[in-house]
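In the two complexes that follow, subunit A is the common piece, with subunit B as its partner first and subunit C second.
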Partner chain A sequence: MTACLAQISSPETGFIASALFYLFAIMAGAAAVGVVVTRNVVRMAVMLMFTLIGVAGLYFLLGAEFLAAVQLVIYAGGTLILIVFGVMLTTKSPFARFEPKMAEVVVAVTIGLVLLGAMILAISPANARFASNPISAGQEYPMARLGQALLGDYVVPFELISVLLLVVMIGAAYLAKARKR
Partner chain B sequence: MPLATLISDVGAPSFMERVIFGHSPLPWQAALYDCVLVAAVFLPAVSLIAMFGIWWERKVAGHIQSRIGPNRVGPFGLLQSVADGLKLLLKEDLRPRDADPVLFRLAPYLAFTPAFAAFLVLPFAPDFTFEPRLNVGVFWVLAVLSVEVMGVILAGWASNNKWSVYGAMREACQMVSYEIPLGIAILVGVMAAGTLNMVKLGVLQSGGLHTWLIFRNPFTLLAFFVYFVASLASNKRAPFDLPESESELVAGFHTEYSGLRFSFFFFAEYAAMFVIGGIQTSLFLGGWNDPLGLIGYLHPRLAQAWAAHPSMTSGLWLFVLNCAAVGMFVLKCLSIVFVQMWLRWTLPRPRIDQVLYACIKVLLPLSCVLLLGAALWQLLVPEMALQPWAQYRPWNPGDWSAHGRLAAFVVQCVLAMVGAGAFMAVIGWVAYAWMTGRKIKQRLTDPAPIADGVPLAAVGA
Partner chain C sequence: MALPTLQHYLAVGAIMFCVGIIGFMTRRNLIVMFLCTELMFQGVAINLIAFGAYHHNLAGQAFVIFVLVIAAAEASLALGLVVLLFRSKNTLDADAWRELRG
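And then the complex of A and B:
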């Protein structure tokens, strides 16, 4: 499997790698469109799951195995289950439908377009840089180095994010309790 | 033997690829070979494991409840699962009118595919691992198994049935909470090993019983049990089978399923049981290695001989050794699966609040303590910390005393002896129970007792 996944840059494996790339990219893109178009909330969650799996496949193609597995564990395995769980707990009708108002659609489309423009602006110079100096994908992914970076050089931001998450969790628990009274 | 030479480099052909294609296959050949391997070896193997597992579960249940279990179709009832499978194929594929048509159909596949994908990294043998170079092997299995839950939840939700939704909600609660102790218990083992790659894990533990990670330090020993309990819960096996508790929820999340779609859930469950046993085996119980370390001793030598002179004989020997390793791995996995079945038919089912209490107030703090303890252990009783990983030779006591690491070595040996003793005790216990059971069964099949020369039935008693 790695023979075709890892050597994405070599010309002989190019066909298989690009076939897999288009497979995953189409899957992620189509499912993302599905998330926006579908009205049923649980179906949206399933579409989102296919998007996440497609993106995880793209990470695998790039040789970022750890990122791919984290994507699956945290988003597909954790966040999505919580979304579906929340829907099951809160909805009254059997199949919750999501009917946005016209104003909401306009605002969402505007924000989406602005973000898309910003990302294109940010990516295109980086893209040119990579084209001249491509990253050789498929090298052994430095898991150990990632761990050392997280607990070494970047330990302060890492811990700050953990504290932030803790604060968010306590806040959510407090709000949920306050609403009950 | 440096570890780096034991695992081929990225893109290098595996043993079987070299046997089949010559030295290095073309990319399309490698891709085709992988596809054929998945379709012709893994899919039938997973189905066989699931079918055999179902038969075995019924046999174990029969023995535990003093029954015989399936014994009509084929020898020992072995073909019962095949007959049941055929029956399920012919059943009508029902869908409730108010169920979500798309999700209802999709859910069984979502449950089965991840369990199947997890098989691709299980290290059956040093050269018989589908993807030996995946550096996040253990994590990958965790990831795909967490996707499997989505299938179960969707099945419950899409059925539009109150029992199913209850089952799905319980599954969601259970999975989300038990994933944490499960992950931390795996982390304790991974910390002791220093790698997530499943083949490297196997090579690391190739020096005999005392090098198995379960005996590496007291914390991994406890983590083994924490992992086992948490994995039972995350795979909804009894006593944590609340998502389908048949005494209250009919059949829980798969109440509305029939025919082949129903059987997919069963296949997923039994495949996941094996996968969970596979992680436990490769992370704690030495993977494909036998307790004496013979496979670990022979494999590097045979592999080197074959690499130097790729002849028929050396290749055959390497192949035989790998087959033995597969046998060892499957034996260990099946023993763990057996314990899972044994627990299912002996323990009563707790309530959902008790299940969550056990996770959040017992297992979670325990696993956090284990994580801290394992970290402190690495700090205070370092085992070969000065040695680069590639030159780790756990089976050579001289190395340990030379580096002043005798304490860690002694601890490992003592733990291994305790573990071996406990294992023998369990085996003895099972053997004793089996003998007693045979005696009781014999007494039951004896001819009816006769009172005063007249059969009791004739008296009308």
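And then the complex of A and C:
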């Protein structure tokens, strides 16, 4: 779908592509702000889900269909459910609040905004060295090529990450066992 | 409406990363801090994929797969630890473990 959108660069499809971009970007950004602003942890998890779906949409627009699907399945499906379970296991009332001090909020927001300003400045067309022509999926990335890259160029990190997963599995099992003592 | 360029995607990534940082620094609940790290991961992943699409190679996507795996591993371990910490002190306030500062 994305590849077609990018290759047929008639004005209508261009309009659809940019409209989709703004839709997904605003959805992800607004939900991200919601995650930080909301006081209810469960509502936060739902907001995070909307962020993840918006980011998956951006992946689609960038031609990374496989990763968009993986994002939806692993993050929105798996990690988020895990988080909700964590919330329900830990909070006596899911509406528990820890209000931060005003000074902390001011400092944190200042730091965040300064960082954001620096990043936006760094990527602005005046400073950045990359061309600002529209990004297009132009080339297709079939899943087969991604798999070949993972088992070819990136085989060492791939194996390392497999070992990491095994270690994490053992660690999680150990934590679960220690809980019973 | 102009077609989205690399800068548009990088801006979205930067916004999500900074929102995550602000949340991480302002909130005290351990689970909420954890959610904010997930937001930061998402911002970085958008950058990786956007640069991958810009340079027409698969490095960005491969890296994002690794990021996803790390995030999943982090989620399982961090939530297990948070549950254990909650059992021992009965609160999720990060300040309850002040003595870890040393």
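Miscellaneous remarks
The working rule: the second predicted complex is superposed on the first by the 122 of 181 C-alpha atoms of A that agree within 3 Å, B and C clash if a C-alpha of one lies under 4 Å from a C-alpha of the other, contacts with A are read in each partner's own complex, and residues count from 1 in each chain.
One rule holds in what follows: a contact is a pair of C-beta atoms (placed from the backbone, for glycine too) under 8 Å apart; a residue touches a chain by one contact, two chains touch by 3 or more.
Small disclaimer: the values here were computed from a predicted structure and weren't measured.
When the two structures are aligned on the shared chain, A:Ile81 is found in touch with subunit B, with no touch to subunit C.
After overlaying the two complexes on the shared chain, residue contacts for A:Pro157 are found with subunit C alone; subunit B is out of touch.
When the two structures are aligned on the shared chain, A:Val73 is found in touch with subunit B, with no touch to subunit C. By the touch criterion stated above, A:Met143 is placed in contact with subunit B alone, subunit C being left untouched. Contacts of A:Met49 after superposition on the shared chain: subunit B is touched, whereas subunit C is not.
Taking subunit A as the reference, the larger set of touched residues comes from C, when subunit B and subunit C are compared. Of the two partner chains placed by the overlay, only subunit C lies in contact with A:Leu58; subunit B stays clear of it.
Applying the stated contact rule after C-alpha superposition, one finds that A:Ile111 touches subunit C and leaves subunit B untouched. When the two structures are aligned on the shared chain, A:Leu89 is found in touch with subunit B and with subunit C. Of the two partner chains placed around the shared chain by superposition, subunit B is the only one that A:Ile16 touches, whereas subunit C remains out of contact. Residues 15, 66, 70-71, 78, 82, 85, 89, 138-139, 141 of subunit A are contacted both by subunit B in one complex and by subunit C in the other. Every residue of subunit A that touches subunit B in the complex is listed here, in rising order: 1-4, 6-7, 12-13, 15-16, 40, 42-43, 46, 49, 53, 65-66, 68-73, 76-78, 80-82, 84-85, 88-89, 94-95, 138-141, 143. Contact residues on subunit C toward subunit A in their complex (touch as defined above): 1-12, 14-23, 25-29, 31-32, 34-36, 38-39, 42, 45-46, 49-50, 52-54, 56, 58-62, 64-66, 68-73, 75-77, 79-84, 86-87, 92-93. Of all residues in subunit B, only 10-11, 13, 25-28, 30-31, 34, 98, 100, 102-103, 106, 120, 130-131, 133-136, 139-140, 142-144, 146-147, 149-150, 153-154, 157-158, 160, 165, 168-169, 172-173, 175-176, 179, 196 touch subunit A in the complex they form.
If you check the complex, the residues on subunit A that touch subunit C are 14-15, 17-19, 21-22, 25, 28-29, 32-33, 35-36, 41, 44-45, 48, 51-52, 55, 58-59, 61-64, 66-67, 70-71, 74-75, 78-79, 82-83, 85-87, 89-91, 96, 98, 100, 104-105, 107-109, 111-113, 115-116, 119-120, 123-125, 128, 130, 132-139, 141, 145-146, 149-150, 153-154, 157, 161, 164-165, 168-169, 171-172, 175-176, 178-179.
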